[in-house]
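Shared between the two complexes below is subunit A, which has subunit B as its partner in the first and subunit C in the second.
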Partner chain A sequence: MDPTQAGMVAVGAGLAVGLAGIGAGLGEQAIGAAAVGAMAEDEKFFGKGLLMTVIPESIVIFGLVVALILLFVF
Partner chain B sequence: MGASDGAKYAYIVARVRAMKGKLIPRDMYPKFLNMEIPEITRFIGESEYKNDVDELGKKYRGTDLFEHALNQNLALTYRKLIDVSQNEANFLITEYLRSFDIWNIKTVLRGKFSGASEEEILEDVISAGQLRYRDLTEIVKIGTIEGVIAAFAKTPYYPALEGYKGVLADVENSLDKLYYSNLIKAASASGNKLFLKFLRTEIDLKNLKILFRMKRAGMERDEIIKMLIPGGMELKENDLGRLSAMSFSEFVRALEEFSYWKAISDISAELGSLIHIETRLDKYGLVYASSISYYYPLSILPVLDYILSKKIEVDNLRIIVRGKETNLPEDIIKAHLVM
Partner chain C sequence: MLKPTKMTRVMIAGTKDLMEPAISTLHRLNVLHISDYSEENEDFKIGRPLKNASRLSEHLLSLRAISNQLGVKEKEPALKQSSGELPSRIDEKISELQKEVSSRFDDLRSIEFKIKEKEDLVSSIKPFFGLPLSLDDYEGYETLKVFTGYIDADIEPNISRITDKYELITGEHEKRKIFALFVPVAFADDVQKLLQEERTYVEFKVPGLKGNPPVLLDELTKEIAILKEKHASIKSELENIRKEYSEFIMAADEYLSVETQKAEAPLRFATSPNAFIIDGWVPSRKYDEIESELQKSTGGLVYLTGLEEEAKEEEIPIELENPGPAKPFELLINTFATPKYGEIDPASLVFITFPLFYAIMLGDVGYGILIAGIAVVIKNKFKSGGLNALALILFLSAVLSILLGVIYGEFFGFPLFNVEVKGEMEYGLLGIAGPAIAGIHIPVHRFESVQSLLLITLLIGIVHIFLGLVLGFRNITIEHGLKHAIYEKGSWMMILLGGVAAIAKLMPALMSKLPVQSSDPVFVGGVGLAVIGIILLIKGEGFISIMEIPTLLSNVLSYARILAIGLSSAGIALAVNTLSMKLFIRPDGVLLGGGIGLALVGVLILLIGHLINLLLGILGPGLHSLRLQYVEFFTKFYEGGGNKYVPFGYNRKYTEE
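Up next, the complex of A and B:
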């Protein structure tokens, strides 16, 4: 792999994780706010709120998998 | 609605949904009807009203305690909504809750008009709007209606009050109109179409109640027109003019063309009874608020739905206890409940 190609792969891997992280963050902003609102009224919503808030994190895992494939398979 | 639009309402909506879950379930009201007042007070004292009952228990007893606890809880709950909301939601909630300022001004004026004591007037004050309880406590000390009106000179409600010429109904009517016209302006300024839709439906229901009352009392068209509030959703100004001119039976038949008819159609045989009609219209408002709040979950509507549901809960509890206190038959109390 020549240096330019290696650089492009590294940039691609970075974008895969970075953009997925931004997307997850956008999704989590409303869910997190709602979870905190519900918990402020009733502490019993802590478990459910936490679970709902981390669901968009799965997108970041997909991004990470793509990044790892880019870095170690290509 | 963009993601950020949704996000700005997520916190307050989740909070009011959780608060709505703590309201007294509908199936409790028939049970209350079978309980005695001390039992109901005990139940309420162990519910969301606990702090209010405990706090006021030193000062009041029996139904007075009940009444004060309900009023205080309502005021604190609404004030909490203002405190925990931000930006557009905060602005719209604050504007909407100005209805309690109107209520309080009317209460003070009516109290002064009928010569009620300061204590009696303050019993019915619900300080959920922008007028603070301590300010109202000072205003109540003023002896004359003119003095009371002058005390409101620096408030936005003064334009409706300054025209007082000895007839309280005119001032009350002007206050209602001022409230709704300001609210429509606020809704239009914020660009929140859902709020405007809710508001205009509320105006329609209010106009229908006025029309039923006035028609039953046999008032003339011009008198009725003066009382009606412009800006409704289905009942436009020409409809209001047309309905005002009809006889009671024609008026009832003409209502069939509006969607509100389905709220009262099954009690058309009892349309002479204002209690049934008003309860049905209130219920229509409640069901409407609840259903549109599910269509638009991340908007101001769930908050308005909660505000309405809480108000109806307090009204229902008050009706049950006051009805039981005066030994009203169960079916009459039940007819007044919005369930």
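Up next, the complex of A and C:
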């Protein structure tokens, strides 16, 4: 692989994780805000709220899988 | 294990004079889950509380008030009090306590009020230090008006324009100019207006005291000191009372709670003018015990029957039943939802998978030891309840993390064994090469074996999801029959297995850019199986269910987080270590070559970095491992929505029967 191509692959992998991260963050902000709201009502929601908040993080995982495939397959 | 405790419905009926002994026996046994009676009709009404109920709750209320005022904290009792002795002294002791405590609290409040008053006086006297007058000089005039305050501007010219009959005294207090102005009453309004127009004017009132400010201040300070002393002595008296009565208060609180609970129990019964009926559930293995004990305490006059007839599943209370080590994991199940009566209780499965996922993610000997330590501390501090269960879960997970840490060869991110990475030797803390166990050469370097670890985690995911589907298959077979189970869960199993087989053949071909061998039996079989599965799914759940198929893929891919979280945790540790080591050792290899200052910064980075990573290491793997259980695993079979089993009784801590 020539260096330019390798560089592009690396940039692509970075974008896959980075953009997915931004997406997950956008998803989490709404959930996080709602979770804090629920906790203000009843502190027992802490566990469930925390759990709900990490649910969008799957998207980053998909981004990571894409990045790994890019890095190792190409 | 795997199933909630078997329950038997119990109906207890008797005449009203037997109600009290029946209640005490049931309360002592602490096994009957009472179903509240709510459908009143002409014959049966909801029962009334026993006659001592209001007296008991009054006592409880005043006791709790005292305990609040004294700040009594729960602690392990040195000695359990017998509840036979308690009631005889409880009345007089509570009123005695109330007298002692409430009068002292009134004193405290009034002293605090007085101190506040005096302190206010002190602060109002202080400005007058700057003026050479006694406090009496400011008051008691009939023809003169006195103004006192802070002011920055020179007001004398303006005042002399209003009148020449005035006396202005100026001074300084805390670097601000102050003044006292005496004018005849006739000019008071004009002067007042003039002052108000001045921006820097701030009035201070003359305190209604007589004497020289410094002398007064001295007196006030002395008085405050005396009051404070008194305050402290009352406080220490209260502290002594707290120490002396602490155990009594806890015991009495418990006794009264128990008695109130008993006295209010009839509110949950059905009663007619002369009889009562208690409807409830007991674990089937306890039925005989409850029967014989009840008959003993009522002389065999209570009628008791165990109903084997089917009740609505939702009504049966659920008690999870798991062997010791898996018990804490019930907390995770109940946080999600209590299972229904016929459902699988997955606590013992979570007992295996949760710590496993956690450990594969964290996988560091150093962090593992620290977290295990933290867990032991929490466990010792909280002997029961949710935090205790969490600590046990954390402990198991941390211990497994230590094992995985050995396999990965990581100790706070430092290599444990010597290992060759990209042709260069990396020297480990132990200074030896890792052993080879069962063909796997230890350490498995995480950053170097991403590909195989990714495959392993996805494989774990496939097995985990398949297990979930198998459990779902079992649940639906029991609830709706085999046909439904095949449509609903069997179809998914086929899609999963077929899809995995097909993709397993497809991926290597794609990666090496070879054509797919369409005659490969595994590939063909896999595709075929998946297609049959999809057909079954459509037949069972309608065409729209095709939309659901990609979620299976995303569910499997979701298990890649096991690798991802692990890599990020190891990555942070590595970054912290590299950064701080560079500050310790100069690039040319001289230890502390950069001087002590840089080395200290290095220590700071090392400590803070690892502390943050440790916290992340508890939170990240814990949450994500839990999420895999809840979102990927439970959704395949678990419905929940059961009623928790709450037996009528009390776990006594401070008193004995």
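In this text, the second predicted complex is superposed on the first by the 74 of 74 C-alpha atoms of A that agree within 3 Å, B and C clash if a C-alpha of one lies under 4 Å from a C-alpha of the other, contacts with A are read in each partner's own complex, and residues count from 1 in each chain.
In this text, a contact is a pair of C-beta atoms (placed from the backbone, for glycine too) under 8 Å apart; a residue touches a chain by one contact, two chains touch by 3 or more.
This is a predicted model, so every value here is computed, not measured.
Of the two partner chains placed by superposition, only subunit C is touched by A:L68; subunit B is not.
Legend: residue contacts after superposition of the two complexes on their common chain; A:G7 is shown touching neither subunit B nor subunit C. Once the two complexes are laid over each other on the shared chain, residue contacts for A:L26 go to subunit B alone; subunit C is not touched.
In the superposed model, A:I55 lies in contact with subunit C only, and not with subunit B.
In the overlay built on the shared chain, the residue A:A38 is in contact with subunit B alone; subunit C does not reach it.
Of all residues in subunit C, only 335, 450-451, 454, 510-511, 554, 557-558, 560-561, 564, 623-624, 626-627, 630-631 touch subunit A in the complex they form.
Taken together, the subunit B residues at the contact with subunit A in this complex read 3-4, 6-7, 10-15, 17-19, 21-22, 84, 298. Contact residues on subunit A toward subunit B in their complex (touch as defined above): 26-27, 29-31, 33-38, 40-42, 45. On subunit A, the positions that touch subunit C within their shared complex are 47-48, 50-51, 54-55, 57-58, 60-62, 64-65, 68, 72-73.
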